[in-house]
């Protein structure tokens, strides 16, 4: 029997193992610690490595280092640790080193309320580090989706040579649900594109058809240079605009060209729905509950659940906003993704339903907003 | 003769001294280092203290500690250091300890191009730390405004018990302009509201008419507790929703109620202007140049320069957007504040003019956008 | 008591002091429902400060259909193992919902329909250990409500019982069943 | 050369290798304009990697009115103290703009209107030190353009001269003036 | 930092010079376009093999004195000197 | 953590007990509602002044044996014991 | 609180609703708090002139109970905050209270730099060999072989020698004792507070809930007893062979020298600068 | 490059457009690079099996010139990146190259924890007593009284003893030499690389552009000469009185012990765990 009762955090750990994660470096922090505990136990069994570093800065650094060495790598943290990781998220984006950063969100700001739930780090996941950079952030709504999106996170990370952030919230991280462990061999696993040119020809940051240059691992005979400075196709520092501009364009393009692959969402609406609820993470659970209740009351309400938070699902929201009059955005924060929804909502009215006190938004609050039309 | 040729970074230092800054802790980083160098020389002359800490995390921590001890405090950094300071920006917001954080923006992400200019940390200034929190960020467009807004930053910080971010860019920080040093005694200087109740009655986080509770300094006979956890009016940790919710509301309200005081901008537009340029920092200089050229060409173009970046000047932009058809937003990034403009622009079209390669946006590029109508 | 299951969704809240094992009880109940009865289930809890503190409440939602909102909205069943827990959560009980209290620990009871059973005392008397009170409570709860089958809850309890304590835990569970049957009668 | 001042805005670029003191020259020129001539001025530069490297170019914009865009858009004047600098920036010179090159250092000159003066050589010859070349260049520039008055530039140079080097710097400046006057004639 | 770089070598072979001392001897080469003219080799060569030219760059003036002690090529911060031991 | 907190004190005065030993003596008070029943005082009191009651909380059973050594009140992690030296 | 007046501590506890404290029954952190209060009382410091600064952790919760100027900062950064406070207010006695993770893992850099600067701060590290607050992960002081929730097969990282590190970095005063030796601990804390420069006291404690349970070390009482049995005074320890000493907790004042304190040195700098500009 | 083949270094330099290097004329960093290359050549390591990891600073620019697997990370974090790389690839020789600020200011925590873990990384710290790259601010190793752009009245913070700190934290191998003593430096670096555990080499250098100019210490040649004059071998230093020793740079292998290396220990753990699950 493979059906188990499992916490979201554990499912993240199993998803990582299924995706081929073989390195974890982290620093404990509530409510993410179960991810570390689980992997400290399981990684050695598959020959993987687990280390607790001296802090979160070092944790993400070690992940990047290990990834350069060829191991799929992950760290997990929560708000305070996520703030500390920001410099290295930017480094990973700049150097295009795959890695997965899990942030199980707790109530902030600051130490806040460590055991309470929140979706307060949504904008931080996009903008927490300095400078313009592309990023992918995924956000599961259930235990089994925590597994699935962890696998996706690794796959996107390797496929696009980019850091990927997996944003859980404390509700999903600590919730237990039925989980049917899939056969790992049946799971689609994407590995980084290896290079097939001889070492002399290899350009770690060269142009490529896909905009994602192949990545060689240190120790595999391709000696090259990695730097957080702007660099040329060989990885060497450059101050030339004719090398900087193409880099900037390419790393943004590699994400933008692939929005169809990256932007995951679930939709259940049609153009007759004058009200549509847009949500993600634990709030999506409340939203669905509320939408079902509303439909029982014969209200025509649509629903979009964003699984990919960043890049923002502009296209579907804009499309929906052409017909919907009101867009309801429930969030466990003071209104973060709602800002993006407002940006692309055109003339539709955006109604925010917020809680930033550690509790879930209730279905009733969402229902009230739906009915308030 | 008090007229001098001065760099923006130096003007920040003088502004700090004029505002009453008596503590600086920092860690050197290009292109902000001149602020530290200047204050290491000048602070001891006025009995103030300067220290170089072991890193940026410690630097902001020391500033907060010194502010709790009663000294107006400042640190200055650039992108990588600003990323490292995020946890403590949240701590200062949570504990309502005044302090000023200067970020002289350089080209990112990551190490990027240390000596090149950028406005790439605009969104980070708002969203860089975890959890919802209020923040104020100011952005000067000239050397003398660097002085003025530094004074403002300290005044806002003390008046509203909040961290204030002063966002320069490398152009303004390193540019030299004519500067007429004002008489410090003539400068409006706001000090934190002292308490006048006896120590037994003092509530460091109590309600107050202004939403800003008086702040006692450690060592002045008011013994109280400061914590980054959610806290009750006495400063003691609490998990009670009926204490958490009012806190969240109050700290946001103290800013929102005072937008008229906090949101600074310069405007030069009228409802007949179908095109308006919205800009800030060094880009505002290019924008003004372009607008003058356009007006020479008899184009009717308006102009808004934001001096306060956060909170965002929603009100004026929305008002302007009711009449303007096109809003041009030049930025030295890939489009950050433009997102906010788009959010409130209603039906107006937002045209972004971006450079994220370390160079200024040129007047010609903006002019092209204006003419492209 | 199956009429408390509305919309095919049963909401159960187990509340007490840290150390009484209420989270574990909720997990076992959830496992009984999910693994042995094949239902859908969500199990959540509230922790004290950081991970170290004990939980004050744990929740289980059981359904044959999809469970959306994962937390208890209005409990169908509340098991209160302390006065504070009863005071705090009884008000949230659904109209007609079931309140089970540990008779010794809860003096003020806000409903005269509550089922009062000396759970901890029973645990002590039948197994010699008060720490089995959570399992006795599970017995009472399942005995009264059949939210999961008795066989499933037994399997779930035994699967979680540390080696050598299987008998003790089975005894505790049966004590709960018996107490429930007494009430029903 | 005042006709190069368009829109009441004169844009001057000083370019060379790190170590030639071009930033300092720009600062002195800016000070002459701002402090002694009472004009508005913006002075900017490009640094090498981090702060340590020398600058490759420094710019001064001078105007009686407000200066908006602070950098050179199309230079009215370019002083090129190295071949690389000349190659890189000459193209940006305004039509009819003034190009001043250090004759020894710049072999390939893209314009036959350029003013060629052996600036470094003059410095060496007149002051015995090549490091005064930047001041000689200032003398040439001001001598040819009058963007600031000769008195002002002299004051500005002397205010920046380390103690004991005032005479040497005045000599260098005068050498520049003279060279300019020779060209004008 | 241009793309093309012409390497200018100044090699001085002591063979041409009178051989005064015993022990190992060296052939010293300075690669002028890597040399930044710091003067370290000139200052520290124990036997005074180098002197500064008028652009303040080192030249080998006493090739015959080189003992192949390798001080200069291990200390040149710019890898601009090579000393080759000459079989006596 | 309720707002009101009734302090229950259990003081035992050794005066009532036979005085066997010399040296300083102590009056021991346990504040029951701060005491968490860790048993440290019981385990380490050198003269066996305490015993555990049936709720596993300490009680003073041999007040007369207290030598006012202050081990217990300096080691109680909850400030729940006060020992007062009694003038002999 | 009126009934409690005889206990030295009560005068220094906050007259609020915070008791009983958050710590597990029998946790040694309370013993350190008690020793700290007695040390402050022995010196006779004014409450207004004492500032306690902590990071995050079980130990970090200590200041909230005490009626001084108290600050509960971020994880690992207590000394950095304290540095700013001490510089702003050199007349305050600034005391930091940190866990082993707080002080030595995430906070290790501030630890060595505060020691190096010899700034007048007293640093108390409650070393329970584990991250207590987050539920028992291994810390930089967990012994090799010790089990933790993140070292399910036993820890393989050598422990950080807290005292030796502080001494190497430049602390003026370094001492180690245990919560079993509460009177000695009190004395060392008192000496450290009296010291002008940076003073470190390592208070060896235990976490029976986390480390103890995972390693089958028994109750708080058992772990308290173990501190008695496995520790020894420095003088005695020096007579042991190095291998024997390895497994012992060596108690004593390990380092005590006179060096100029940082804020005093900075005041000299200010005086000198002001004099020289006054004299222009 | 063809003309240059006689220099050992040329084989290891990148065949690219990077020369002359970015450093100021006469900077000692190049001397360290030269010594490092010879050390690697002496051991005969395959270039593919060597990884160089640096932070940010003038020193941090070193790896880009060398034809190994090279990584220029963030300021202060080289050892943390290197730790991940070494664990992922224990067979690589991982060498970190750091400035004094990089390794000891912002990077101090990773420094002591890498030493504590005794992970098989060679750490080379080029100590020029200043933040060179940013233009001469004081660093944690600037001498008391030394002037810097942020210490215009002279530095008042005592310098961090790099070697003593590494030793206290647990490094296996600790040595110090200077760029004047290039052959000795080469030998120590070679020994450190050969060592299984964490090996630290402090390479005392100078920054004439920053520190030298501000303190009127002359040219690179003058500062090179000063290293000769103010340093002495450990054996000789031990004969001096402690006060005399204070102002001397003591050269030598200061610490050299055998301890199990971290990644080897982790491999044991994996083997043990896999055996035990295989055996179920």
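The letters A, B, C, D, E, F, G and H name the chains in turn, as written, and every chain counts its residues from 1.
Simple rule for what comes next: contacts are C-beta pairs under 8 Å (C-beta built on N, C-alpha and C of every residue); 3 or more make two chains touch, one makes a residue touch a chain.
None of these values were measured; they are calculated from a predicted model.
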Could you tell me the least number of steps, going only between chains that touch, from chain B to chain H?
-> 1
Which chain pair is joined by more contacting C-beta pairs, B-D or A-H?
-> A-H
Length of the line joining the C-alpha centres of chain D and chain H, rounded to whole Å = 43
When centres are defined as mean Cα positions, the distance from chain D to chain G in whole Å is 61
Intercentroid distance (Cα basis), chain F paired with chain C, Å = 40
Rounded to the nearest whole Å, what is the centre-to-centre distance of chain E and chain F, using the mean of the C-alpha atoms as each centre?
-> 86
At which residue positions does chain A touch at least two other chains?
-> 30, 33, 44, 54-55, 57, 80, 87, 91, 110-111, 227-229, 237, 239
Mind pulling the residue numbers of chain C that touch at least two other chains?
-> 49-51, 53
What are the residues of chain E that contact at least two other chains?
-> none
Using the touch rule from the top, collect the residues of chain E that touch chain H in their complex.
-> 1-3, 5, 7, 9, 29, 31, 33-34, 36-40, 43-44, 73-79, 81-82, 84
Would you pull the chain G residues touching chain H in the complex into a rising list?
-> 105-109, 112-113, 116-118, 140, 153-154, 156-161, 164-165, 167-170, 259, 262, 265-266, 268-269, 272-273
Give every residue of chain G touching chain B within the complex, in rising order.
-> 14, 16, 18, 47-49, 51, 53, 56, 63-64, 67-74, 77, 80-89, 91-92, 109-110, 113, 266, 269-270, 273-274, 277
Once bound in the complex, which stretches of chain G touch chain A?
-> 56, 72, 74-76, 105-106, 108, 131, 134-135, 137-138, 140, 149-153
Touching chain H in the complex, chain A uses residues 23, 25, 44-45, 47, 49, 51, 53-55, 57-59, 61-71, 73, 87-88, 91, 218-221, 223-229, 234, 236-237
